[in-house]
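We call the chains A, B, C, D, E, F, G, H, I and J, going by the order they appear; numbering starts again at 1 in every chain.
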């Protein structure tokens, strides 16, 4: 993913301000993952949200408007990402895709988990044998419409 | 994904027995998603686990041994899956891959979430505006070794 | 697309019965495109719907159950379909994708048109200069959730 | 899709003028989707049409000529688009491609829906359960010539 | 391209009858290339045309009906064909695609040459320096509709 | 296809001179399609031919030498072109590739139509039902050598 | 490359007869590589050549006719072959493709080496430091035609 | 293949000096194809070889060092090259790959022809029916090691 | 990777005999990885080696000859393997490919590590924090030949 | 792989300092392959490690911070690398992937070799018949978790 110029500016401002995404969550009142999505132009913000983010960063207010535009989303450069952290999600889909499909259909019927009416949280679970990453996806079930 | 013959046999036995994966979870003592992974030959079982699964299904005991073999994993037919339910996980990776990477590195340092020392749970969250699918991934953080 | 065996059986029964999809629409009370989707295993039917379809066709009742299972959807063989009729929809997406995106965002904000809470109708518009195909897609607008 | 420089200029002029595509439709007398296609260089305009568009935007008249040239069309960057809104049209083609083919052939015989002698409209259907996007495609049926 | 079973039957019948496609052209009253397209299930015939073809071949009349069905067209196995004769047409498109586009737009305006309202003839041009293959494509010009 | 800088210069000169490719054909004494191929750097010219083209355009004589160099040919950006006019040639190859192969082998034996010892003409066939594009390809038949 | 059934029969007959391709070259009077190409259905033989090959093998005479048919050529299964011996030719093209192009154009002008009016020989060059494989390709130079 | 800047400089110097690769072969004492490989950064030279090449060209001595670095090799832009001259080598591999494999294994046993301990020469064979390109590849046979 | 029938027979015989690859190494006197390569038809054996393997397995002696034939090697089904264990080697190449290249060139000059004159061993390194897999690759350095 | 600007700066500093990666290993106290990985932005360093590397190189201290950031890893430009040295690792995976899988599962059970808790060393093994490259990979075995 070639990061767009505005992302670089936001990351630089965040670094200069010495803030983590968790700090921004506290200041802006939105989840850190969603804020990171705004940084990477994968989500659009309202004027109020964008203003809060830019103010928290002490960044150039002219950036506010850009953050409110609907971005072209996605676009990891290779179709199958090569970064090991991101690839693991591809692997999870390859290995657990069909089992997930079977269980979701059994629990909910024919339909999908929305990736739009959707939230994603990342938690750190401390563990003496090695800390664990917890990713919680929460999407509305959308049943197939018949007509 | 062309399902292997043993998967078809297991699914048929499960249907004949009138059991859901949740029922199997109760009988076998393992998570329903993991059991579904065994069905689809994405996970291998111990002899004890395989025996419990086959007995719960009332299926042919000759299937036990196959379930204990280490399968060639993955293999959704198109590189980018076309089934809408499975595709959404590809989309989540495309849209939220970089934001997740940013937050995980910030919380944990350089490394990845393991997809091997890993569990995945699916919960149904009832909601008057439409039930929600909750997918909880939990993987050990593996820091990059330096040498 | 290699058509699954059940699709071949249904198409043969439909031919033997001398019925068009429009006739089935009249008999079953569902749209002809949706019924065709059931034939091609791209949509699942309820037991009642499946029974009506099978009875209208005079087909083997043992097929009813299969039609109620949640299918693995999609799967046109080449990633970019080569059949000219189907390809035109790929071309429409290539040529009009960005303009559609711009107009939808302007009218609705950031989000998508659901392909799940979605209907698709095909009408024949008679025209002395050559009849026209009218395809009406109707999908719920899903705004991106923020969290 | 990396948007060509002229598209960026037109979008900036439109923003500066505070006009929506619907406003342009009213001023220019052409459909908003078609006008958006001209913006994205997927359609060419006549001198008169281009002049009206440029005047409505209050943009640089030197842009008129460019809008009349026949563009190289298509070209979403990844072969399968990753933007969720645009991808849904790929998914619709994957899932409903064969059913559409079956119904069109039944209604019209062997041939295709033209994507050239073709219009596409987008309407907003208000709905208390959530507004709906209506996409109406209308293409001339072209029967296969025999010789 | 894996040739469908009916194509093999037709080719075998043609061989047994000792007929060339040119002979079939004379007997059936349609062009040899079009008849070959019917053999390869790339074109559908009317009942009358199919009957004439089958009778000329002395083939099984039960094949007539299949020839009247609208086939799924295209489908050379590799996306870029490896057979040298067929590949040359890919090469011609790669090398002369943009020049053809420039000349057609100059002569006709914005639009395309139809591949549906289209004929294709192959002639042998005798030449002492080596005979030449002449391929004549003739397609209706379709101007882009504006709306 | 990202057009090389020299192509842009030549097209600009042609526009400034108000010449069509057909006009250049008259002035240079070579076919308009071949001249367009020289413009797009898909064909190399002799010094005499390049000089005539540059003089007819009134362009910078320093461009002559570049036109005489053997270019790296081909290179439409996506492997399967998305421009609808160019794509139709891909579709023709997909749909008529095997029938052409069958007829050429029957008329000529095993071998190919050369795409090198090859000419391509485009004619406009006026027709009250809509003008037609005629593309005439003429390539030497090359029989496979045995050794 | 999935070898067609006739290739398997020919290879089995050759093994049963205890003949190498070099032995067949001596008996048939054609080069061993070309004969191997006939075995793999990459080249077609005349009736006389096919008869000699089949007789030399002591194989079933019914196979003669198949060998005279023009095959669909090429078709190594993965687009980039994985067999190390065959891959090296891909690597040679990747590494030496542009240098070869430069030298051929310098020696011959604009055009190509024919792969049709073409022979390929393989010789064993004995060398105390390790024997060497010598592959001699010999193709007619085809200059680009201008028109 | 986007040629690296140093290649452009070397080609320009060669042109300015009025030298062919064959002339360089005479002056430098290495084969013209290998020298062309050095130009295209597919081979590295020793300091002595690089010095001779640069001096023969009368080029900037600061280029010497670059020519001695081990380049990242290969990298024709499309995976299957579209330039017709280079493509023919892909076609030769597709068509003759399996026959070559069969003959090499028969003559040498299991192993490969090295593409590293390898030379490639291009000769012009004059022929009244059209000159011929002779490409002689010579690579050490490497038997598979067993362990 | 769809395993060939002979591989299945060998694996079944090995299971029936209750032997590990390490046991076979002890009986046959070749490395266990190389023996596994023979099982998967990625390496060919001499008659003596094949006989020892078949005898150790107590398998059908008619399999001996097949094991001596030079196989078509490679061929993991997806170009980028999806099995997690095998994928890690792809990831290692993606992440460490350039660093390895830099260090090998520095230590050895321009050339490659042979994958033919090559051995690969797998060792288990016991470790209280978790056992480790040690993969030792050993290939002859092949310097690029100049000519 | 297009090398990032910082890599070019580090390689230039290393050259100016006349240091090999082995020299850096001695000065920095980390393995040369790991240091090369830091150069190519495939590994992140701690502030201390980065400082040591920059000081050893005598490079600009402002580069220290960049080396501590978690990079987007991987990204060899073509999915299957064309550089012969790097490709051999792809070939090893294609040819030995399944045998490695079989032996690892036999020795360790179901799981993978970590590519994260992983080291890679390169040794030069002197050999009168030609020096050998020894690549030692050492990764923690990660057993699949069950839940």
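FYI, a contact is a pair of C-beta atoms (placed from the backbone, for glycine too) under 8 Å apart; a residue touches a chain by one contact, two chains touch by 3 or more.
Just so we're on the same page, UniProt names per chain: A, B, C, D, E, F, G, H, I, J = Cyanate hydratase.
Since the model is a prediction, treat every value here as computed from it, not as a measurement.
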Original post:
Quick one: which chains contact subunit C (Cyanate hydratase) and subunit J (Cyanate hydratase) both?
Top reply: A, B
Subject >> Of H-I and D-F, pair with higher C-beta contact tally >> reply: H-I
**OP:** Since subunit B (Cyanate hydratase) and subunit I (Cyanate hydratase) are copies that touch, just let me know if over half of their interface numbering is common to both, same, or not, different.
**Re:** different
**OP:** Rotation angle, subunit E (Cyanate hydratase) onto subunit I (Cyanate hydratase): superpose the C-alpha atoms of these two copies and give the value as a multiple of 5 degrees.
**Re:** 145
Subject >> subunit G (Cyanate hydratase)-subunit J (Cyanate hydratase) separation of Cα centroids, rounded to whole Å >> reply: 41
Original post:
So how far apart, in whole Å, are subunit A (Cyanate hydratase) and subunit B (Cyanate hydratase) when each is placed at the average of its C-alpha atoms?
Top reply: 22
**OP:** Averaging only over C-alpha atoms, locate the centres of subunit A (Cyanate hydratase) and subunit H (Cyanate hydratase) and give their separation in whole Å.
**Re:** 48
Subject >> Multi-chain contact residues (two or more partners), subunit B (Cyanate hydratase) >> reply: 1, 34, 72-76, 79-84, 87, 91, 94-95, 101, 105, 111-112, 114-116, 118, 142
**OP:** Just say which it is for the chain contacts: an open line, a closed ring, a star, complete, or other.
**Re:** other
Subject >> Contacting chain pairs - touch in the sense defined above >> reply: A-B, A-C, A-D, A-I, A-J, B-C, B-D, B-I, B-J, C-D, C-E, C-F, D-E, D-F, E-F, E-G, E-H, F-G, F-H, G-H, G-I, G-J, H-I, H-J, I-J
Original post:
Which positions of subunit F (Cyanate hydratase) touch subunit D (Cyanate hydratase) when the two form their complex?
Top reply: 1, 77-78, 80-84, 87
**OP:** Would you pull the subunit I (Cyanate hydratase) residues touching subunit H (Cyanate hydratase) in the complex into a rising list?
**Re:** 30-31, 33-34, 43-45, 49, 70, 72, 101, 105, 109-112, 114, 116-119, 121, 142-147
**OP:** Using the touch rule from the top, collect the residues of subunit A (Cyanate hydratase) that touch subunit D (Cyanate hydratase) in their complex.
**Re:** 72-76, 79, 115-116
Original post:
If you look only at subunit G (Cyanate hydratase), which of its residues touch subunit H (Cyanate hydratase) in the complex?
Top reply: 1, 3, 20-22, 32-34, 36-37, 39-40, 42, 73-76, 79-81, 83-86, 88-108, 111-115, 118, 120, 122, 124-125, 127, 129-142
**OP:** Over in the complex, which subunit E (Cyanate hydratase) residues touch subunit H (Cyanate hydratase)? Could you list them?
**Re:** 80, 82, 84, 87, 91, 94-95
